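Paired with chain B in one complex and with chain C in the other, chain A is shared by the two complexes that follow.
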Partner chain A sequence: MTRKIFKGFAILTSLLFTFSLAQAEPKKVGFIYVGPVGDFGWSYEHDQGRLAVEEAFGDQVETSYVESVPEGADAERVLTQMALAGNELIFTTSFGYMDPTINVAAKFPNVKFEHATGYKRADNVSTYSARFYEGRAVIGHIAGKMTKTNQIGYIASFPIPEVIRGINSAYLHAKKANPDVEFKIVWVFTWFDPAKEADAAQTLIEQGVDVIMQHTDSTAPMTIAEEKGIFAFGQASDMMEFGPTARLSSIIDNWAPYYVARAQALLDGTWESVDVWDGISTGMVEIGEFSDRIPEDVRAEAQAMADSISDGSYHPFTGPINRQDGSAWLGDGEVADDGTLLGMNFYIEGLSGSIPN
Partner chain B sequence: MLVFERRREPSKFWTAITPVLAVLVTLIAGGILFAILGKNPVEAIKTIFWAPIFDPNLSAYARPQILVKAAPLVLIAIGLSIGFKANIWNIGAEGQYIMGAILGGGVALAFYPLEAWWIFPLMIVSGIVGGIAWAMIPALLKIKFKTNEILVSLMLVYVSEHFLASVSLGLLRNPDGVGFPGSRNLQHYVSASNGELFAGTGIHLGVIVAFVSIFALYGLIRFHRLGFQVRVTGQSVRISRFAGVNPNLMIIFCLAAGGGLAGLAGIFELSGPAGLLSIDFNVGYGFTAIIVAFLGRLNPFGIALAALLMSLTYIGGDLAQFMLNLPAAAIQALQGMLLFFLLSMDFLSQYRISIKHWARG
Partner chain C sequence: MDFAAINPLIFFSTMVAASIPVLLAALGELVVEKSGVLNLGVEGMMIIGAVCGFITIYNTGSPLFGVLASIVAGGLLALIFGILTQVLHSNQVATGLALTLFGLGLSALIGQPFAGIKPPTFPKPDFGFLSDLPVLGQLLFKYDYLVYLAFILVVGVSYFLNRTRAGLILRSIGENHDAAHALGYNVVRVRLAAIMFGGGCAGLGGGYLAMIRVPQWTEGMTAGVGWIALALVVFASWRPYRVILGAFLFGGVTLLQLNLQAVGIKINPAYLSMAPYIITIVALVVISGSSNRLSTLAPGSLGRLFYKTM
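== the complex of A and B ==
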């Protein structure tokens, strides 16, 4: 008898539960990634943001993702399918998804899109990106202080403004920390290719480099740095476990606060198209923990720089700064405007070599 | 014990039945893989192979998309199959696809923003020329220096990828693109746009041409002298000489067929679904088409079926990712299994298996 009652109670509660679920149908939020979520770099950090959304909203939000989606026709198809499947907010997390995002957004005016690192917007398309150059300034300073050979290696992906800006910011601050510093830049023409990135790291080390910075997504350069006993910085994610002694610090893309805020706006019905370019101040760019191998005074300087960037009292591109050809770019005390930074296609004075194209 | 006897000729029955068997075994092995990953195998297989064609919400969009995704695979595989029949191994269709897109797209963009009816046909022809020209490098090197076309055509893929990166960042970079890489979007250039022919389907001219090429190849192989010459060359270059075939011309013809159709696929894809040339414009159709050609037994209708099947696994694979949280690698493993089982089952058409008892003495 008791068992029967119990059973009846169980059925009743499960019915009630289904009912309450039906009342608050979870909102679907989709993500597409250009790499595998296991890259421990770019796509990995976007997926960490997705998991933060899951964590923050529980049953109210249901997330899903498609990884390793090529930019172009495939992205457009995947986005269309996600919209058809009932996703109400879709994060498209690579520059090359720009035109597909705009095309699909035009077909689904009720679906909201968030495109990372692009410049095309619509009523239902926001763009967001992070001021990684702020982080590069901080690790550039550390690199300048830590190099013994005065040779710093830089593994660059593609000659686009984002990457050039990073090189300039890192060089500027390394040079300020150590006037004898020289940058050796290798362009690998890929965002994610562990073999190529490892080769680039080897080549740089053979040329006498003892600190490596990277603007590519794999952990291969960190692994090589660890093997060869030189220094490196985590890129996109912390990469601590790939170079426990080599890693000095890292620039972490922390998309979680933004993704949670945008999902919240969706739930509240307050979502609007925005253009966001955040840095250290909102936590979108995070400086990873400083290694004990950095002398205490350098750690303090780096922290002070991060703090002053965060509170707005210091801008990494503050004049006087000349272009590579010696012509003036920023006058004394002048601060770079966002427009120039977004389209940056020149090296600053002191960097050798030319930007390939 | 089991005894394997080599058949004098491959069994017709097994040749026809092994692709079907391979698909069935792949479904079972794939199901086991998905179960190990903690997914419901039946649901996963259903999402990949069933949902794109029959799901009420998704099929209206997904069905024509299967054709759109299959089109470049069909075009390239058709071209490659001609060479493969003649034992001429063009592995570099990916590069010819890229070069077709670069030359075709470059020609079209050279006239931007002029609007004229002749731009589109000129662009398409340039695409074909780009693919053929790139394929002529291994062809001429083979004729002149007896180099191995497998290596040369494959290595040229990497050269073409660098070329693609270079034009995306330099020569063909969109001047209005705020410094970002990538060309102008041809979808917005009316004279060069290979738009959809039926609203909402995504079906473009390339899809139609791909399916016409199936019948063209069938006609060529079956009824034309060239088709006979290709087959004879495939059996023995020496015999083909007696049949009046010029082996050098055959090398040129086969690589041009593969390169031209790959270039054509490239320019259709660029001016249609992809829209713009960028660093990651190529997504591996040239390599997948090799699988498709063999999956289809180098038969034009087989190739069409194989391309549709591969296309289905891509589109169903996307669905399985965001509906069931299957990792992309699991979908790729499934596609790999398909090829593996197909190749391993070739054994059945080549060998007769019988059970024999030990004979004494």
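== the complex of A and C ==
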């Protein structure tokens, strides 16, 4: 009898224990990065967002991440593992994770996915991105004003709409600030390869460029710019410490508020598939502090542009704008629609060279 | 927008500097393979050299110590490989691959606090008026110390392998370790020395990347250079001077495609990016086309385990 009571008691406690565990069991949120978290660029900022989630929810949420995951089959394997490991919400933070995310999401309908910078969605797959082109417009203006040789170098990663949009936006506003400006664009076909990015920066400088913009993740171009005494802009992250004199300003990706909001939605059970594309106005795109080396009037102009983009009175792609081949794209005063911007696969008039495929 | 926009002199000097990491790593691996050992851990040794060199130059401010740290770190990692394969008879291919993975992981761990720091500038030798000479100055007298060291090393290795008794012993061990052993040479000791030399060279190549070329520490910054070095040894058909040629080819093609893009010449960068690898494959095909030539080029005992017999 006593033994039975004891057994019953044991079962009861163990049940209680499991129940209380289930209560306190944190929700697991996973992140997958294309580069190392120590790249001080793109992946670094995503990880800052992850840390913000930890900070905001404490014991309620448990985060984990896998870094330096190649886009493609490896990503699919890692995502499957993360889903099996009990993550309920997974942020996949590179364009090339798009198909792997969709594939894995189809296999795990109860796991929620958030894919950065892509365009394929499902009931359990949201997409989110930032309007980096808004930031590009501002730094493009500064670049146009600051170049002495009228040659601006642009280190581009992959010929995808996001990158092409950035080039177009930067060129458009550099050209408005300085009609003589020319862009030299180099495609490196990598998001993160410091040596190759450094070589690209070096090459551009040898070609007479005195301002460098980059759409790659490492800080190598900034370091080279500092060494050679030319100008550059922080990309994804502020990068101040890599080019204390070279850095004019920066485009900072601030994912933290979005990540916290989505984790909150997961906890509240209100998560649903969305498509978010935010810019300067919500703070997802931040313009880094302007360097003292920029003349005061240029700083004021840049700030005014950022403000007008933020309050919606100005859209960086406002016509008249022609395509590279001279055909009309936007009429006078016409504003680009998001659909065209998301699929942008052409240069605007004035850019030389062609987009590799 | 034409080829004229690329200054051949500047292009050449940048190419020389860009090819140093792969040149050093390949040169070291060449000596290792000449002794009959295949070490696939070049990438791992390079990145360890990179991180150790970087940490040292940052903490001591001394480029010399940075260089030494790179060499020692690469050499020590190679010693692990040497003991495993030569003394404990582990499989060379598997151990080499493990060494690469180990090096990448370990460097990420010890380099963590050093990401995003700027190292002190690496000094260049001052050649006085020589570097102001119209063409020669740009071509010959504008590099940092390690570039000159690398080329001296190539000459030294070539001399050592072909003109010295020790080099002959090393080669004989690579060709037929049983015969060399029968003649009384200490196969294991010579191979360990060769492996450590290879590690030191690879480490220095990595150090060059982190201390001079980029210059900063980032995880995984070697980005496959070690593997190119391995291909380069075969491309050079195990001859030191051909390693220079191969390194220029690999470095030059990468730079050329960046240059062509910058001056706006329309050519798909993918073609140029794959060019060095295609050339390596072609070289391999040509080399192996005649079985006689292949057997004379590749060391006979390459990759084979050596068991000491009485």
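Assume the second predicted complex is superposed on the first by the 335 of 357 C-alpha atoms of A that agree within 3 Å, B and C clash if a C-alpha of one lies under 4 Å from a C-alpha of the other, contacts with A are read in each partner's own complex, and residues count from 1 in each chain.
The criterion applied here is as follows: a residue touches a chain if its C-beta (ideal position, glycine included) is under 8 Å from a C-beta of that chain, and two chains touch if they have at least 3 such contacts.
Not measured: the values here are computed from a predicted model.
In this overlay on chain A, chain B clashes with chain C.
Using the contact criterion defined above for the overlaid structures, shared-chain residue A:36 touches chain B and also reaches chain C.
With both structures placed on the common chain, the touch criterion links A:195 to chain C but leaves chain B unconnected.
Of the two partner chains placed by the overlay, neither chain B nor chain C lies in contact with A:330.
Contacts of A:353 after superposition: chain C is touched, whereas chain B is not reached. In the superposed model, A:65 lies in contact with chain B only, and not with chain C. By the touch criterion defined above, A:219 reaches chain C but does not reach chain B.
Once the two complexes are laid over each other on the shared chain, residue contacts for A:242 go to chain C alone; chain B is not touched.
Of the two partner chains, chain C is the only one touched by A:207; chain B is not. In the superposition on chain A, A:185 contacts chain C only, with no contact to chain B.
With the shared chain A as the reference for superposition, chain C clashes with chain B in the stretch 328-336, and the other listed options (40-48, 256-264 or 328-336) are free of clashes.
Applying the stated touch rule to the two superposed structures, the overlap between the chain B and chain C interfaces on chain A comprises residues 36, 68, 189, 356-357.
Residues of chain A touching chain B in their complex: 30, 36-37, 64-74, 76-78, 80-82, 84-85, 95-96, 99, 103, 119, 158-161, 189, 342-345, 356-357. On chain C, the positions that touch chain A within their shared complex are 1, 5-7, 10-11, 14, 18, 21, 108, 111-112, 115-118, 121, 209, 213-216, 218-223, 225, 254-255, 258-259, 261-264, 266, 268-270, 273. Residues 57-58, 61-62, 65, 68-69, 162, 165-166, 169-170, 173, 178-182, 185, 187, 202, 269, 272-276, 278-281, 283, 314-315, 318-319, 321-323, 325, 327-329 of chain B are the ones that touch chain A when the two sit in their complex.
Residues of chain A touching chain C in their complex: 36, 38-40, 68, 153, 184-189, 192-196, 198-200, 202-204, 206-207, 209, 218-220, 223, 226-227, 241-242, 352-354, 356-357.
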